[in-house]
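Chain IDs A, B and C follow the sequence of writing; residue 1 opens each chain.
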Amino acid sequence: MSITYLEAIRLAQERALAEDPRVLIYGQDVGKFGGAFKATKNLAEKFPGRVIDAPISEDAIVGAAVGAAIQGMRPIIEIQFADFSTTGFNQIVNHAATLYWRTGVPCPIVIRLPSGGTLGSGPFHSQTLEAIYAHYPGLIVMTPATVEDAYWMLLEAVEIDDPVIFCEHKYLYYHLKAEGVGERTLPAGKARIARVGRDITIVTYGAMLHEALSVANELATEGIEIEIVDLRTVKPIDTDAVIASVARTGRLLAVGESWPWGGVTAEVIARVCCEGLNLLDAPPQRLNSRDTPIPFHPNLWAAHRPTAHSIAAAVRNLLRM
Amino acid sequence: MPQLGESIAEATVVKFLANPGDVVAAGQEVLEVETNKATMTVTSPCAGKIISWLVELNESYPVGTVLGYIETEKKFEEKPSLPSVNESPATQEQPSIEEKKQEHEPHRRGVYPTVRGLPVPAHLLGASYMSPRLKARMQELGLHAADLAGIKGSGAGGRVTIDDFERYIAEIEKQKKTKASPMRVAVADAMRRSWTRPLATVGIYGRLDNILEHRKTLSPKPGPSLYVLRALAIALAENSAPAGRLIGNVIVHPPSIDIGVAVEAEDGVLVPVIRNADKKSLKELIPIYNELIELARRRRLPAEATGSSIATVSNYGTFGLVWATPIPLPEQTLVLGLGAGRKMPLWDEEKQQFIPATMACLTLSFDHRVLDGGAAGRLLNRISELIMKPEML
Amino acid sequence: MIKSLKLGMFDAKEAVNAREMAPAELGERARKAFWYMLLARAYEDKMALLYRAGRISGGVFVSRGQEALSASIGVSLKKGDIFAPLIRDAAGRLAFGTPLLDPIRTYLGSVLGPMRGRDGNVHFGRPREGTLAMISHLGAMIAAVNGCLMAKRMKGETGFVGVASIGDGGTSTGAFHEAVNQAAVEHLPLVIVIANNHYAYSTPNNRQFACKNLVDRAIGYGIMGHTVDGTDLAECLRVVGKAIELARSGNGPQMVVAELLRLSGHGEHDDASYVDENLKKSKIGRDCIVVAEEILKSNKWASDEEIINWKKATERAVETAVSQVMKEPQPDPDKEDWTAISTRRLIDTHFQNEHHVS
């Protein structure tokens, strides 16, 4: 019996609702309908009055979450697509993120952002916005890449007293399965060595982890051993884990699905250069989506984001330096 | 000038509401100013008498400018709880100030753009590229780029990667090693630095017979190197350009003719220096020379006897060598070498026959950026000329 | 009381009448409100003075002309209610329980203030005590009040109300629209008090909205609307009090639109030279404190002597507070905890390693 990444998210929310009466879920279509992706299926029925349908008002949705948090609740907000969080951007970055710093009152909200592209999803249903939210102080940004992390990190997000932007990847919803959710292992803020290697370090997060893993398997047959670091959280970044890996391999490739300017990949490279320049045997490289909006047509979409093919090419290029 | 609104940087004085000599109350409006948003009044921070205004009508002043001075009594002083905007804590003043405080001109502060050089492209490929990791490791081991010459590189363009390097070091660990003395390491460093220049060598045969005769008349007997040194000093005193330093597009002539002598000592070479060798005769130089050689051999040279020489004389002939191409020190442009003297047939034009002569090679190694073969040749020829008349040295 | 919690479309005509206030109670509230109006005016005048003497960083925003409306909100609320004051709510805040030292400390930058120097001027609040700390983006606080009310309802509390203040300009924001609609859909006990002082900074009403009266929007949202002369303390107490009671007794969100005039610049850096002279001379241009004094005296709710004493006492209170705060320490950057989150194990240590040269 296996569960999908999405089911893990649903189970985590169910458990949170069951174990903590302060938890509520608020968002569009989350109630009876169970959510656009069925992430809240049956929860409204099981927990009456606590899984609430909202009008199409991201600003008011997030603002209300902040108010509820001030009153001691622990709201989970589902924004239907990460792309639409920009209409609630002000409340996220200027209200939720500043509440604790300005007033001393923590803001324990979780904002779930279904992120990332799927075939044909187009410019406004495909975005990954972790870098934008990581930039604003006061937010914690999680990017779970595995079924286990989707479950345990969401539970942890609810427990954390600060606003958490939970960037769940839509592509992984039904494509990624696991036997179960396993045990709670690493806390948020710690990266995981998804694959031990020797010749080069790939630092990545989200769906790109799986692309990197498939590249690693392929190149292992050629004698190239790639070490893969799954960041899991991009704010804070587990800088120590990244640097320790680069210390072992001497070469760094940062891979992210987001756009290139100032993304997580830029941040990782900046840190390695600041704190570990003398560990590098070659200039650090990054691989991101192209600097354009995300195209609709599958041909264009496939060429827009990093793929196993482009990652492998980048690895070979870096090893040749 | 108070901060009269966010993003307001300056205001124009439009009306004086109180004049020097007037007594004002705390909070009384004393000045009217205009910002680009509105006309406002500035109030007095305390009760007192206005001494002077430093500002002029219809002029603009930045926020933080001192507008004027008020003389007040101690009881009206309010302890400031906020530093005035734009003043650093170090220059913060009490609102009421005694007259002996200096006045300063209200001024505008300008911001000027700076121009920086273009950055060096960071993506380096090629044999000369050493990664930060490699450099750090080399520094750890006390190695230089020159030490990489023996390592085959597997990186882009043949560069030596950290893996290549570590393998090389591991190999070396397996081989027989003797420790290099500090002298050896110092000479190595000097030679490495010297070699970064394009060096060339020219040579001629010099005739030693006159020197060999002349030295019998002196006690103690000076060696041929001292004659050659003195000849070099005179020749450079006549024209010091060949011993100059090329700095950019300027040849800097030597300030004094200080010439060193290469002395083999233990594991390396020391170069004691004879200062102003052009100003003392051969006879006067003999005791100085002998003492320096002795001190050098015993590694007891004083600080002022080493360093900053413009040329060195190297008598490699003492090792039986016929010719050699010595390397000038990093701070020198020239080194003059003297080979072993050998009896050779020399064609005598007058007598129309070969006569026996003691000939030795004089080689001049030089920094080819400063002089070419012609100038080097002329210098050698002059020296060759001078050693034919040892009584003139 | 309403019989059932009806979510969704709400017909304003079905409102159950809230009881009207008895004159004695009105008189009591008027006395209380007037005291807070005087106190607000006194401290704001002092802040404006200090500002023009260069003693305050940033801006000063006063509520001259709007004290009556704001005080009416404060005295009509009870402990346990939620209040999201905005820029010109000095009187309302004090009436709802904000200590006088809070605004003075915030303006003068004392580290002992509720915001500890991290935010200034009118952005202060005590969220856990029911007074939210506004962010600059107008309209954003209304949804936060909604969230507080939804939470209280989920926790099983009853009889509570939330009031959000806003100006004419703020009603143009998307945030306002979303939040009022949200409150209506959720049938929350929200009272939105719109102080239409006819100018949003320098923008007059006719460049702000095209409906005849802002209260017309209430119909669009499906909520009850009320209008009031914002310069008349008695009217403000009556109308605001009634709206609050209607909300408290389950009649859903209430919109109150008050007509008044801002008797100062947008901030103390602004001279309001753009305000129409005719408006200044009209009824809404009256100083509500002068009007309130008249009302108190003519209704015999307060004597001349009492009023004189109140004026002296409020000024003394402000002087005492100001001289106390002026001796208090300012924030010390070296002693600051430069952390934006409460979960210390998740602080990004890379940035803690960076050295900031001050």
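In this section, a contact is a pair of C-beta atoms (placed from the backbone, for glycine too) under 8 Å apart; a residue touches a chain by one contact, two chains touch by 3 or more.
Worth saying up front: this structure is predicted, and the values here are computed from it rather than measured.
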Chain whose averaged C-alpha position falls nearest the assembly-wide average: A
Two chains sharing the most C-beta contacts: A-C
Chain centre separation in whole Å, for chain C relative to chain B (CA means): 69
Centre distance in Å when chain A and chain B are each reduced to the mean of their C-alpha atoms: 54
Interchain centroid distance [CA atoms averaged], chain A/chain C, Å: 39
Multi-chain contact sites of chain A, meaning residues that touch two or more partners: none
Touch list for chain B against partner chain A, complex: 122-125, 131-136, 155-156, 161-163
Interface residues, chain A side, partner chain C - complex: 24, 49-50, 52, 54-55, 57, 59-73, 75, 90-91, 94-95, 97-106, 137-140, 160-162, 187-189, 233, 235-237, 239-240, 271, 274-275
Complex contact set, residues of chain C against chain A: 82, 114-116, 118-119, 123, 125-128, 132-133, 135-137, 140-152, 154-155, 174-175, 178-179, 181-182, 185, 339-343, 345-350, 353
Chain C to chain B touching residues, read off their complex: 49, 51-59, 108-110, 265, 267-273, 325-328, 330
In the complex, chain A residues that touch chain B: 250, 277-283, 320-321
